[in-house]
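For reference, the structures are reproduced in the following blocks.
What follows is a pair of complexes built around chain A, which joins chain B in one and chain C in the other.
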Partner chain A sequence: MSTPQPPGSSNSQGDDESVDFFKSTINEYLDNLPESVHQQLFQSRETCLAIFRLLPALSKFYIMAVLFNETSVPYSDLNRWVKSNKNSEFKGHQNPTKIYQNDSIKRLKALHILKEIKRQMIHPITKQPTVIIFVQLNEIFRQSFRDALTGFLPDSTQDQSKITLASSKDDQQEKTTSLDMMFDDDVDNSITVDYLDRYCLAKWENILHFMVGTEIKEIPSVGALTLLRFSGLMELPSDRERREALDGQVDEDIDYGYEDDNKKSIHTLKQLLITKTGFQFLLQDISSQIWTLLIQYLIMAEKLKMNPVDVLNFIFLLGSLELGQGYAISMLPQTQLIMLDDLQDYGLIYHQKDSSVFYPTRLATSLTSESSSFKTASAAMDQEISQPRADKSTNSGSIIIETNFKIYCYTSSPLQIAILNLFVHLRARFANLVTGVVTRESVRGALRNGITSTQIINYLETHAHNGMIELAEAEYNKKYEFESSIGNTTALEQLKLEILPPTVVDQIKLWQLEMDRVQAFKGYLYKDFNNDFEFEKLLSYGEDIGVIVWRDRTKRKFFVSQEGNSQLIDYANKIIRNSSGTPRANTPA
Partner chain B sequence: MARAIKGMLIECDPSIKSLVVRIDQDYRDIVIEELDDTHLLIDPSKLTFIKKELNRILADNAYNPFDDEDAQAAAVLG
Partner chain C sequence: MDAISDRAFTETAATTAQNIHKVIDETPSLLTVILDVHPLEWKKYMEQNENVEFRHVTSAMLVMLNSHLALNSGNEVSVYVANSFYHGAKRMFPVNEEVLAEESVAVKKEKDTNGSGIVGDNDADGDDNDGDDDDDDELIKVRPKTKTGGNKKKKSSLLKSRGVYGQFKAIDEKILDALDEMYKVEPDRLRQIISKEKNFVKGTMTGAISTALTAINKLQKSDDKLNMKARVMIISVSGDNTLPYVSMMNTIFAAQKMKVSLDVCKLGEKSIFLQQTSDATNGVYIDIKHPSGLIQYLSSALFIEPLLRPIVVLPTNTSVDFRASCFVSNKVVDIGYVCSVCLCILSMVPSDERCPTCFSKFEHKLITRMKRKPKVLPLEVKKKKKTPE
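Coming up: the complex of A and B.
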């Protein structure tokens, strides 16, 4: 079943596969924006800096290489800057360096940062006119990015850049009009980095807790819930019924659902249920979770007639702000004031009512940085709880599952317990351990919620205890040695590292297969043909256009899908007209 | 000339098919035609009902580890 693709999504190449759903992060969103939007975006240097940070390393290198180079550079030079590892073990045309290089250049072109120009040149030796391709950096990008790096504040663009980077100290002293107003140094000191961290985590975890269906005191705001529903991570019971009725043909109708239920009350939204995508969402690390929601927010904002450039600029701006520093809201334009409230709902911003100052939280400031300050929500939560042994506690490696389906998970994170509760029958909880059993009923419960068996298996595998992995590796090595000692190469190729007991994996898959024991097709059964000739003619036509679902030649019956039926009837009528000369209706009863 | 009957084609294992036929015997007007071992033509509006019934019957046949434990616990207590 395809993932509900959000409406208005410009994501044309992104498949509807739910895995890609999360891969299509901010990069893909940016790539697919039209050139005019890119040009507007480049006017903001925070945005330029943020885009730069999001690029692959080689793309960054290319930008830096041509940034202070006023003239355009021949395309072939881009290749010369990269050492191609010809002697590597990768043979043939599949050169990973080359692929990486192509990707890097493609990204730059998609973002309209690099432009190709063809120029007629006279070859110095042969004196023949040849076409040489040059690359040139986008002018606006070049200017903004230079300014961002040098901290230069040209008078003309001053009103556009409300906040410059607070990173360089000289820059801060130089700052004149707008910046002084922006920084609010004499704000109340109670808001520390610690406080902000706690605040944003509480907000974010609250949303995640709501998704897994934990009983929580404070339900996320209507805005946050609407976004969850809009992004297809959660759905109302009525949405689910509609989706099931449509059986797979979701895409357009989800839009509809959103359109007419635009203003659902908090009471209705309280009943939201997690979807398949929602479950996958929970398994992501926190930065991709935030980006996923922000991109959905962007798409939703476009629908609400908010200027995407403003929205994007603000998001990127947040990435350049300093944690623990208060910023005045008076400098923000209208669109960004609206966003302030929304982003507060997700915990990206701390802003007290009626206060003229807002604080970005760690969630916001780490948006464009590569080194994520905290890996996953539950890891952060672990640290919160077990401060003294903070170094040791990692999120991964806590689940042990036995061949008898009993599961033990070393965790004290309520969130992880809640996630496990989605597909495990939990039995006992101790200070740092929960135990449970994977049963048919518990897995079916998860499957009914749209979670797939692969997702469950993946989750168990990625969170498997180190002991499980060591055991699996030892097992693997033993088998490897045995098979290679007897020279069984086919067995060697099929050898896999089995972290989870195979019985459990197979059984979970079987439980999923059991869920859809019947496959149903709507359509028409054709029977009672007078002779073989008629039957064969219609059947072969139907098979040619690919609408026959089932056939039985001996009984002269076949089944046509609903979509294909009208075509087949047209064809049948044509045969009848041709053979008898008098048109006759042949519509099914 | 041939006839066309509107309906829903169901594809399933022979075991499931026989279960559907049994459900049809109990409730009537579900199966329009039995096509072969793995195919049935049914009334489209009855599909959800059939799925629900199938789940109920299959759940009765499934092994639930907790039943055992409960029985054991009852035996110990008794």
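Coming up: the complex of A and C.
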């Protein structure tokens, strides 16, 4: 499928998955692009590099192994390079290595980086023709990625610049061949890395603050707000009314956001209210938040008939730019110029009006980094910014939670306090510390807002204080040594790092289960059957196709889900035609 | 009752496994390359393999460094050179003022520890002029590369505007500049050596490894890079006789303790010590038979991340020669003598009857008894025959 579902709309599948849809983000989006788009993407070297970085480590290893190898490699070799599980360190687990390997190869195939080729070969001994599967690296990818890695070679400097020119001509961006156009020497010296960091963080936090509903001086721009609305993270009061009126389609509340009157004035947009997904969004770490917005931006861009290849290339290009360096905008094609303004609204880019230079901020340059390294980057960012905030704030660990549900958070960031306030009953606030208690009421309040227990737990885990993590690790090691010394493999299998006290984790989950005591299904009740035969026949058919929600054999009743109903009716009609004059019961519930 | 203590919500094993793999995917790592630039050994090697040039090796190395940086944005690289004994081991990248000062101290220390290293027997028989000429040849071969490197530097500040591989370029340039710098100083110093000594000079591979290990240790102990994994890749041309045995073994044990893998890419003749090195540290040892395809070796067999090692089959030789070398003659020994004080290995008893390493005096009586040729003693044979009966 070329157009992936907007993440917000897949909400109905269960709350656990909603945690994942923020995380999988860009990978999923890329996987689902058609091959032709992939081919176009691979022409850009920076995109190749960025895609490469996003792959699992084993996939990277596979690519590197075949990158400089002209001939194709038998598929079985890919397996042979990996140890069978017996020798591996991870005893006890099912076979994580195998799963991991499969995933790695699957990703490569989904991205069309590895191609399978079947070839007839004659077996050297038996002389029987056998089909052997070979894998081959995508030629365009191979070329671009090789160029990326070897681009510095003195011998190929000439060729390389030619390639650069050629490829940029493809993008119709190269009218004057002077490459120095893009590098601006008269850079404004006042724009330092420090300044950029402060700028982007202010922009980004401003958006988050707006979402939480804190009083802020300057509300985000129309572009940012429109995107927030489009992505379903926020909604207008009128949207909410409409949704509530529709009622049934609670979960398909996303798509109308942009299509109708997309030119809402800033005054209207000011009234935006946070939605369920918006709350969930707040609990993510910063890099997945950015990616979530960017993916939404991509989807929105597609609707606006922008070329996704251009948009993606620009995003990946940003990831490989240098922080604190000014770049001339004259090189950029039209699409990317439009993006420039939009991305500025999110704090990814600093660009003064009428200036010919733009600066990527740290948010942009660390786009293609992994989340863990980003964490350190943003921690460094916090330290650099001389604001009266706690030295380890929003992005690094600062939360301590005890087994008695008391919670301590070393922060002075109003944003983090606001987020905590979503599910914690806050008690006291000090200069760099907030204390509170996780109570049934506070958690239920969060659950009612659509936040799930897993999200709360994940948030607490990712923001846990270092002391908590150290304690958990020590505990884990102790248990591991003990269990392995007595050879208890089943216990080893279940062993996991418990950063949060298990009582708290279990209790939060129990509170969620409490909310789900009544589950509602839409569907149809079948009753008043004429005879047992009809009942049994319909029921067994319904069970076969898996649409029966509830059944009662003694009263000859069953309940069919909404989706499966039409199929069952067709079947029932068939029976009626075969033996005329039978049941008549099809009452909507 | 056990059921009560069970977790109410058990996650499946798969999720924990995924976590492990997530860690593999996301942990940044450090790649340290140690490049052997021992001029005399290079000369020997190039005489044997005519189509190989030094710059082929450096360019392959730079591609490898770039690939490593491409893996993960948190990844880091560092490059050391192990030169002849008189030039010392040096860090080429990262260059740092602070480190420079430290380094000079380190180099000094190294010289102190390696003090006995010079002893190496001067059995090589080429005449001095010959060696000189050849090194000049090598220089000529290297120069054009560095010159183009210089040209490129100017151009690349323009190319930088593309900004694409700013990181790669900056690093590559620095390394090339450092190598260039080294080759400027090289010929004079080399002449000095050759006028003094013969064609055989000890190398500083162990010095380079130990400085690399100290740097890794420092990095891993620092706050922000706490979990940084590291591995070392050695590109070596030198033979075993240039390696001081004791310090080599010490570095191996240090690396083993730090859990740092030492990979060896061996050009030229086999090296028993380096084989032992990689074997002891879970590294990869590869004899490069086709130097023209070096890049393929470097990007596949020698490109296994530390965290991938438990998963991937290491393409290394299983049969490793564990023999040690004689401390005096540098020959590999099958059966020899061992000093009872310092465990120094000897192929023959030194004439002054002192251990060459710890200088403890051997007992003269014992030595004479050891050196005694076996004789047939008929009486004792009889006695021995009687006792079992």
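Just so we're on the same page, the second predicted complex is superposed on the first by the 321 of 589 C-alpha atoms of A that agree within 3 Å, B and C clash if a C-alpha of one lies under 4 Å from a C-alpha of the other, contacts with A are read in each partner's own complex, and residues count from 1 in each chain.
One rule holds in what follows: contacts are C-beta pairs under 8 Å (C-beta built on N, C-alpha and C of every residue); 3 or more make two chains touch, one makes a residue touch a chain.
Keep in mind that what you see is a predicted model, and the values were worked out from it rather than measured.
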| item | value |
| --- | --- |
| Partner chain(s) touched by A:Pro74 [first = chain B, second = chain C, both, neither] | neither |
| Contacts of A:Ala148 with chain B and chain C, given as first, second, both or neither | second |
| First, second, both or neither for A:Gly223, with chain B first and chain C second | neither |
| Touching partner for A:Ile576 - first (chain B), second (chain C), both, neither | first |
| Chain B versus chain C as contact partner of A:Val505, first or second or both or neither | second |
| Touched partner set for A:Ala328, first chain B, second chain C, both or neither | second |
| Chain B or chain C, by number of chain A residues touched | C |
| Partner chain(s) touched by A:Phe521 [first = chain B, second = chain C, both, neither] | first |
| Contact residues of chain A, present in both the chain B and the chain C interface | none |
| Residue ranges of chain B in contact with chain A within the complex | 1-13, 16, 20, 32-33, 35-36, 39, 41, 44, 47, 50-51, 54, 58, 62-66 |
| List of chain C residues in touch with chain A within their complex | 7-11, 13-14, 16-21, 24-28, 59, 62-63, 66-67, 70-74, 145, 148-149, 151-152, 155-169, 172-173, 224, 295-296, 299-300, 303-305, 307-308, 310-313 |
| Touching residues (chain side chain A, partner chain B) in the complex | 405, 425, 437, 439-441, 514, 517-530, 534-535, 538, 549-550, 552, 557, 559-560, 565, 569, 572, 576, 586, 588-589 |
| Touch list for chain A against partner chain C, complex | 45-46, 49, 52-53, 56-58, 60-61, 64-69, 80-83, 88-90, 92-94, 96-97, 99-101, 148-155, 157, 161, 164, 179-183, 317, 320-322, 325, 327-328, 366, 368-373, 376, 379-380, 493-497, 502, 505-506, 509-510 |
